[in-house]
């Protein structure tokens, strides 16, 4: 019963400055460990205070969580085509640097609601890997509001592709040697500033991506990196973070063991869904499968929260439960990395965007 | 019993030798000694009961009675010879290894298309090939630059011996095969590339070099491609041309006449028809035999003579042998064995798969023979390399055993 | 008679001698928390294995000396997992199917993928014939013992007869096609009914013939009892002895054996009906399946049943079990999976429908091959997160799965007399950090974590 | 135009068989490899009426014998190609089951394949239907000499070719089900035939089995054990399936193996079945997991398992188009020299159940002999002369095509 009351309260339009307090359960802050029986205060869409000895101000609306609940920062997907599949490749020519992928996003697509209800609060929409230079990636917050109010960054990074999907027989480049020559010529004349996402799956594609990243000093992130297991030392030397995935249940054991090896080598990894290839709700399954193959628990949790935030240059605003950060958080019925627990409530920008219907 | 785990030490750092006398852990600086009943140096005479001393991946000394430092690991074999050199391979390359956007792509580098971890390298090592030239295919008139790489020992970038070894050009039917003349429709799709005849191919090649000359006079914008063509015109880079029929070889000789640059002939099935011209102009040949007795006339009408290699060598043409195919029975050793069967001298055939290709790739200072100072790339066999019944027991690259498989594991 | 031969193959599995001859190999697992699944969980219990059988499970069991003892203190032991639909050893193909096709003929016993699957704790799987079309044929139950002898690998041949209702070859399955599929299956069974009648008729005639033949042979031996009369009889001809045969009985012609109808006829056998598994996704396909079961009194199980939870009550009343899966699907949903939800198992169980969970690693659901079966535990966990208790989820991939395959007498739970299929975990089955330490199949360790 | 020149050249290099049938020929040679027994140094072979009459070190040479003195050279039995579909222009029917056809009807004597085989020292070839027909039909054992197919033929219809290779778009199950259907129908046909016979016998008729329909005659001989089946198995699981079928339908068989069948070597050894290895019997196998390339050597694997095998050739690659090369490669990877030579002579004959006619130099065998310049496994060795049934049918110094190719 208590829950029902609480839900009505929050949905009512909030006056600016109202304080909400969440008590009980366990907080996985990611930034500084787990907190038991502590309190989070939310004001103006931000986390104002979090800690054990936080006093709840009078007039604050208090939320008492049932026993066993766990609160985590909202999950972030650093590379996805959520609700924009098949629209993200301008295939007339291979180099389209100014195309913006988020313009292909349709906010009323049913997948958006499903993603939010599975605890994913922020998604980076990327151009396809069918172009050598795909264009600009954008970051959206799944707050259930209008499209323009969802945009966090409309040009967060540039997407390059080193896979043979970018090679076509009816336009330049038709081969990898043509692609590399064209790319070197491009980067010599027009260097790319800001973050660059390099799509590279096979081990030798990774090798080539690293060569371009180091010779042109790009602030690069490797995407997919299925064959990373074989190129660990090269990735470590170039100190590139890896946006790993998507992970399918039928993948080879070598690929499933790659996250564990990358983590042991001190390389920062994030899990990406490449939706709709795998759905946003399967990010947790990817983390669970990676843990089954040698990935430690903390890195797995970080790979769904802080690591993608850092890759998108948003680690100051999201990715952990810390005072001053945006109030994007998810309440689970149990340990989020154990697949038997489920999402109970999702709070985005201090407002409840999803509440699991009680039967 | 579950599948016996095959302990094939393809990339094992060191495999304990059969008769290892000092079992000490083998560290990089300790010496490695190869003792063989017959040492085929290729650069000099064979040595019976010879010793090869290897330190830090280089051959320190080779001879009859070399002092063996203590703590050295000793490996014994019946025969040791230099690592084989495949002067024209497509290891790690996709089957369309050309940038087909344009007919002339001088600044394309095949090494960018090459997958260093590909199985083709691992197979080549097991047949004794330690160095290979990886170059563009023959779909473009001028395909681009090829590189000489080692076939084992770490990731591809660290295995490159020299990157811009030669500029590849292709005469004959392959650059024009599949192109459609734009007469019947506007050139909407890609395949309306210009050369649709052998004449067209020759013209494309001449046009490229003429435009390079014009570019030399007024260089407003930097053009990497034309810079490379200029290096060929100035004889600083060799042009490697693949041509098999007699008419194609003639077209190549005419181009050499006109521009006077250094060229090297590849494939050259009907080279026996122009032996005198090739000898006079000192044009080296990378000869690819096929030894098929069945059809005298091959599909494109060229006719093969099995004695071509022997005749070229007799006439003083510097000739290297290429493998006839990529099956296990078509490697360099099998090809050399058949070449001897059809008239070549054994020593010439062995040189044509080791030192000669190394010289033609311009890396003879590093590989190709067993001489002090060269890289320790060696092949250890259990008998005369020119016998089909002889097996490659071990292969060393830069002094490390990269392949070793005892008989019991086959 | 071919039919009999097939039947014998079936019985050979079930009527296994309860007690294998006591070989010297006795293994004892000591000190583990045991989820017997058939009964309550036992803390710090012991399991005794002799040869291929579990001989004892309980709190404080005396361990015979000479037994090899495996210390499982702090470990959790669960029964070997059972996947009610995998594609191990047969893979997938788009070739057209037929009722007489047998998954046993598609085996590649040298395929090594089973190693990854057994390493995840799956010890028994059911495999459908890999083909496409309405009638698919006879499935096989496989024990992951690692043998390469196909006869031993196939623990039970002709374990079920599979049909697919309402799944179009192209990505569309219009209502007419679902009706068309129903008509096709219906006509197949009608043909089989006729086949059974003729073969029953033949059996009856054969029996009669035997009797008459014996009588005829006796008659031949007796002397003629009424010599021919001299004068033509004026009275009507002598009254023939009704029992006496006038001419030799003819042996009835044996109907030509037809493998197709035999497979179908076994599903109509009232005494020991062959299990019929119908893959149906939409609610109307499921209704057609129920209609078929009702018309021909089939022993029916629904496969996948994507939208089965919308008619859970009808299924419960009809007592038709559902094999739920694939719980995990990838990529853009094909038309038959549009109604897919991970809540299906929970909703069906709540309505009282007998449920088991299978991996169904079909490419139509985005799976790349049979290796997906190694994540059966994860699939059950996801189903649990939507309303099943952890116990229900574990049962759905052990004893309940074995029951719906008809092999609950031998596998699916940790009880004395059952096959020694045991998985040793280093934590609670559904916890995130839990890893499989050892998997024992038929009393032999098939996987051990280094 | 070119084709005609080819034919002329092919024919002219073959020496027409000379002399009457019953003359006596003696071959003296420095080294005689008998294959079935010990090698003989400076031995003599006496040939009478095309058959080997005697072989040994000190045999008295009959006075009226025509002597061929091979001097220091080597004499051995002719090579035998135990499975080839290159003797016919197209080896596959598009109807799956055609047991009644035979390759005898499409042997093309003028094909360069026969001339090259002779040059290489092959004295008998078993020409079979292809691997893409379910029940391909009967094969034909030929000698690579002769103007017409009749003259070339040694045994007209021999064995029946089955293939477990499912055609395009047909699953393995459907393919096996189709084979079972054919065999079931044949068993049913024979059963009814048998019943009719019993009825006739019961009624006092003759006990001769009734006439078998021509179409079904070959299959009947198969199921009655009168002729073996040559079963092509692309994969190891096919081998197990072939063994199962041969036991169920009780027919004798020889296995023509694909590359992947090495995994079933133990099963083949247990059943003591003779096998014919694929032309690419030494091939690379990629291990996706460990990223390693392993050289799989079938002769070593099958020799260790105790299976008797024969080699096959193809014209795709350089080395494996020569039987001597296949034998040399097997020796390279550990097979003893004697066993390697058996695989191209005696074992090949045994695969054809003709080991009492071909494959070794022993009394009573056909006189099919090679005179070589050196050891058969040495690449530098040439085939100087080929003797078939006592007659010299090939001489290297009269081989125009070889001279042309060697630029002489």
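By letter and in written order, the chains are A, B, C and D; residue numbering begins at 1 in each of them.
Throughout what follows, a contact is a pair of C-beta atoms (placed from the backbone, for glycine too) under 8 Å apart; a residue touches a chain by one contact, two chains touch by 3 or more.
What you see is a predicted model, and the numbers here were worked out from it, not measured in a lab.
Trainee: If we look at chain A and chain B, which chains touch each of them?
Mentor: The common neighbours are D.
Trainee: Greatest Cα-centroid separation from chain C: which chain?
Mentor: B
Trainee: Write down the pair of chains with the top C-beta contact pair count.
Mentor: B-D
Trainee: Distance between chain A and chain C based on Cα centroids, please, to the nearest Å.
Mentor: Measuring from centre to centre gives 43 Å for this pair.
Trainee: Mind checking the centre-to-centre distance between chain B and chain C? Centres are C-alpha means, answer in whole Å.
Mentor: A distance of 59 Å separates the two centres.
Trainee: With chain centres taken as the means of their Cα atoms, state the distance from chain A to chain D in Å.
Mentor: 65
Trainee: Counting only Cα atoms for the centres, state how far chain B is from chain D in Å.
Mentor: 39
Trainee: So which bits of chain A are touching at least two other chains?
Mentor: Within chain A, residues 230, 252-253 contact more than one other chain.
Trainee: Could you pull out the residues of chain B that touch at least 2 other chains?
Mentor: In chain B, residues 3, 117 touch at least two other chains, as defined above.
Trainee: Judged by the touch rule stated earlier, which pairs of chains are there in contact?
Mentor: Contact pairs between chains: A-B, A-C, A-D, B-D, C-D.
Trainee: Using the touch definition up top, name the residues of chain A that touch chain D in the complex.
Mentor: Going by the criterion above, the answer is residues 230, 252-254.
Trainee: For a test of understanding, state which residues of chain C touch chain A in their complex under the given definition.
Mentor: On the chain C side, the touching residues are 116, 328, 330-332, 359, 361, 366-372, 374-375, 378, 381-382, 384-386, 390, 393, 430-433, 435.
Trainee: Tell me, which parts of chain D touch chain C in their complex?
Mentor: It is residues 169-174, 176-177, 180-181, 184, 188, 235-237, 240-241, 244, 260, 263-264 of chain D that touch chain C.
Trainee: Quick check: in the complex, which residue numbers of chain B touch chain A?
Mentor: Touching chain A from chain B are residues 92, 94, 96-102, 105, 107-118, 136, 144, 155-157, 189-190, 224.
Trainee: Where on chain C is chain D touching in the complex?
Mentor: Against chain D, the touching part of chain C is residues 93-96, 98, 100-103, 105-110, 129-131, 137, 148-150, 256-257, 259.
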